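Next, two complexes with chain A in common: one pairs it with chain B, the other with chain C.
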Partner chain A sequence: MPISKSETGVPVWQHRTSKANLILWVGWLALVALFVFCWQVMTQDTIWYFVYDAPRQAADITSRMFPPKWGYISELWWPLWDTLNIATLGTLLAIILSVPVAFLAARNTTPSTRFVRPVALFVIVSSRSINALIWGLLLVAVIGPGVFAGIIAIALRSIGFISKLLYEAIEEIDTTQVEAINATGASGLQTLDYGIVPQILPAFAGITVFRWDINIRESTVLGLVGAGGIGLKLQASINVLAWGQVTTIFLVILGTVLVSEWVSAKVRHSLI
Partner chain B sequence: MLRVENLRKRYRTGDEALKNVSFSVPAGEVVGLIGPSGAGKSTLIRCINRLVEPTDGNVFLNDLNVTRLGRNDLKQARRRIGMIFQEYALVERLSVMENVLSGRLGYVSFWQSFTRRFPQADIDKAFALLDRVGLTDHADKRADALSGGQRQRVGIARALEQDPELLLVDEPTASLDPKTSRQIMRLICEICAERNLPAIINIHDVVLAQSFVDRIIGLRAGEVVFDGAPDALTEDVLSRIYGEEDWAVLRRQHDSDESDDAADPKKPVEERLVELV
Partner chain C sequence: MTSSSVASPVAGRPWRKRPFIVNARLRWSLYLGSLLYLVLAISSVSVNWSRVWEGLDRGWRFVEGFLVPDFASRWGDIVIGMQESLTMTLTSTVVGILISVPIGIGAARNIAPAPVYAVCRSIIALSRSFQEIIVAILFVAMFGFGPLAGFLTLSFATIGFLSKLLAEDIEDIDEAQAEAVRATGGGWWQIVNYAIQPQVMPRLIGLSLYRLDINFRESAVIGIVGAGGIGATLNTAIDRYEYDTAGAILIIIILIVMVSEYSSGYVRKWVQ
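Our next item is the complex of A and B:
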């Protein structure tokens, strides 16, 4: 107890008891020991010659990367178009699939909390736990390389994201509005249409535009595993050490992401 | 005509919200339901259209026993019971017109309501009701753009759009200022008189209830402890419903409020018109 009595009987207050202090110090000591140990494990396979050399290497690659090879940009428009399509169609597919999942997962709209809801939650978790790049890797193996694999990969990754945020929005709606629609004698579907959908529409629009924005970024790297888009060109350029082309690709991606973020911010702002 | 027989409601927590409540309301009568918070007023009116399932007892709407209906029949019965809510309970992001038309949902198919293609007769009725409650110019606005009093008028129009045979009104004035409260109460009572509609109004403001309703039912701890004319609501009776309080003082204060409410020439024309209708 932090409060004790001194010999003269006056109450004494300390922030911690001496025992708690001791435990605290031992804890800190253990943490420092762990850090030292981890540092050793981390560095035992490091070839220090390469590390000392790093600034020179970085300077070397940077010098090869500049100036960007601007002529290469004419070859990038088509893969860039593919990338945008992967992101947009993937997001659309995800929307179609995730709206029902969200309604099945939301506690106040699911037909059964015991059976249907866990299944919907499992769909959401499994979709979210696997990165789009991994989905791409699997799908290229299953359905072959190309844009289609990219679209499916983006869709599968986005279902979890959209469903999760959407079902949270559904659970937060004002129930009196739903009650009022119910009291008019409306059917279940009509209650959904008049009582629930208007309340979640702004959240829904915000979520999907935000996900589309994320998907643009994710689809730029999907080509690394063969799932189409500008990533294919990136992979090819790195393989032949054409650093000037790599810089051009980076700049194109940067521009695209900037534009998509601007669009997404504008759309969300106008909706809320 | 509404008849409630031996209605009981026990919540899963074990709270007995209603203990053997019986009364009947003939056509055209407006009943004020008063009582302290937690007396079961809200539960009682929600048991009538079964937004809350009663544990025991019967509710008859004319000759129909509402408590014994299956899901589909209940929907049909709910069309005949209009409900007006405390916080208006409008769908905030829908237009005023859509909110009023939602009173017809029980009558149209899902597809008609989804595409917002209501029969012309329903739309005519909605315009007539908006006119009646003084909101003709606001039909196209979103519900959340209106003031409290205006929203409650939309709530009234939505309930009437159902062509109800009974109105359930849950604290219609709890979120409104004293003057708007009186306007809303006047509107509800006038409409009930015009259409010969029975109504049950949950209300906290005893003096407001007394000056508008035909009959008062006092509820305390889930039991009817008073049922009679507003004039019979003596201080003794109020103490029986709410417990001891100096009722005489409360009434005197209210009387002086009321004299301010007389026609005020400085009021905007629109507001005065609404009062006239």
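Our next item is the complex of A and C:
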């Protein structure tokens, strides 16, 4: 225990040794220096006039945003339906694609740890590190704007998430059940069907609903890059600076997200 | 499925697996409902197949660009974009943590008085209800284009994430230690400093590193709406149909995400 002597010679308890204290201080100093350096690099091209002007701009935009333009809501139902479809069909497509990837990536079900597993893991990492909006940007350039590009973007983005959580669930299964099915002389597929699938089904359903919830959130903004849904209306309203319409859209998005969160929480609660 | 789900080998009636949803009526209505939804949803998605067919060629060029990326011809733009993204990530994470620690303490039911609790919880709810990209649109409108708007967006998003998890962590602490400090006559600050902080510190460090990771990924996205960073460079590259440059940027993003995910996982294991 680090103890230092006070002036009168009475030992005083301290939290750390003086060497540990020094290292800690040097660490903090380095962090502060790095922060200041990054701040200067980041703001070297900032036009400060706009920043000082920001409170006025904020007040201006707020005054234009309220009251929301409620009449606009009648134009939003169809894009909202598109948004729901993008999220749901995208999740379905992702499920179809990610189940095989998960089985190839799990250490206990993959056919070869040396060749197939790294490929599956790479698919998972690339899908996870690229945001749905970037996938949308690419797909709109490749297959044209619209709901279809949104569905594919959501699916490509979700593969990594679903596969990663699913393969972790597969790796954590109870092997005795698999052995028991094996001992009855079952084939490989039968082992999969009776030994592994029942064990991961609840986790799988939970993961899927969770991802669907996230996808609802993401699909509301996919329209910003042209991939369909309510984001298209948002982009159009921002372009013409119709802030009253923007507020209405924000409120509709907020409502949708809250409902989807509620649904997903209910379903996951009943599963666990 | 009634009693046949119990494993009783009655002659002529082989055992069957128990279905995932046991209630038959609920199961069939779910199946029927999903089928109806699928038919409606798929029929409402209009796909311009000839456009998709034409796009396949372009998609192939993108795959080629990804396999043979071109780092050289836009290297200057890539460096500026990366520099903005990385500095934005670091500064916004640091500022976000600094703001979210007091809010997180205020949002923990066991140590904060009721009015403070309500205020802090509503700040968290506000920050979590809107996605980064929507916040970025508003900040760009107020503060002008550039990484400063991105910095503000990411700081704002960090507050919701970190405060919520920190508050939940403080609510889950071992009460005995707080009581021991209270028994020595320690005040509120001393309880926070000696009983709570040591218990939540490892997790706070872990969460901060995780958020650093998320902020980098998000910094690649918010550039699409003008908030600076590598996303802006990527957007330009795709708009110019320079798929090989876009491929290079995506590869850099994937690599940085992989490195940061691996190293933050390592540090988190070491801290906990």
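The rule we apply is simple: the second predicted complex is superposed on the first by the 230 of 272 C-alpha atoms of A that agree within 3 Å, B and C clash if a C-alpha of one lies under 4 Å from a C-alpha of the other, contacts with A are read in each partner's own complex, and residues count from 1 in each chain.
Here is the rule we go by: contacts are C-beta pairs under 8 Å (C-beta built on N, C-alpha and C of every residue); 3 or more make two chains touch, one makes a residue touch a chain.
Given the structure is predicted, the values throughout are model-derived calculations rather than measurements.
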First (chain B), second (chain C), both or neither touched by A:Leu201: both
First, second, both or neither for A:Gln190, with chain B first and chain C second: first
Which of chain B and chain C A:Ile238 touches, first, second, both or neither: second
First (chain B), second (chain C), both or neither touched by A:Cys38: second
Residue contacts on chain A - larger count, chain B or chain C: C
Chain B versus chain C as contact partner of A:Leu24, first or second or both or neither: neither
Touching partner for A:Glu179 - first (chain B), second (chain C), both, neither: first
Touching partner for A:Val221 - first (chain B), second (chain C), both, neither: second
Overlap of the chain B and chain C footprints on chain A, listed as residue numbers: 194, 198, 201
Touching residues on chain B, where the partner in the complex is chain A: 49, 51, 75-81, 83, 85, 87, 89-94, 98, 102-106, 110, 113-114, 155, 158, 162
Complex contact set, residues of chain A against chain C: 31, 34-35, 38-39, 41-43, 45-47, 50-51, 54, 57-58, 61, 81-82, 84-85, 88-89, 125-126, 128-131, 133-134, 137-138, 141-144, 146-148, 151, 194, 198, 201, 205, 217-218, 220-221, 224-225, 238, 250, 253-254, 257-258
Chain A - residues contacting chain B, complex: 174, 176-177, 179-187, 189-190, 193-195, 198-199, 201-202
Residue numbers on chain C that touch chain A, as the complex places them: 17, 20, 37, 41-42, 44-48, 51-52, 55-56, 58-59, 62, 83-84, 86-88, 90-91, 94, 129-131, 133-134, 137-138, 141-144, 146-148, 151, 217-218, 220-221, 224-225, 231, 234-235, 238, 241, 246, 250, 253-254, 257-258
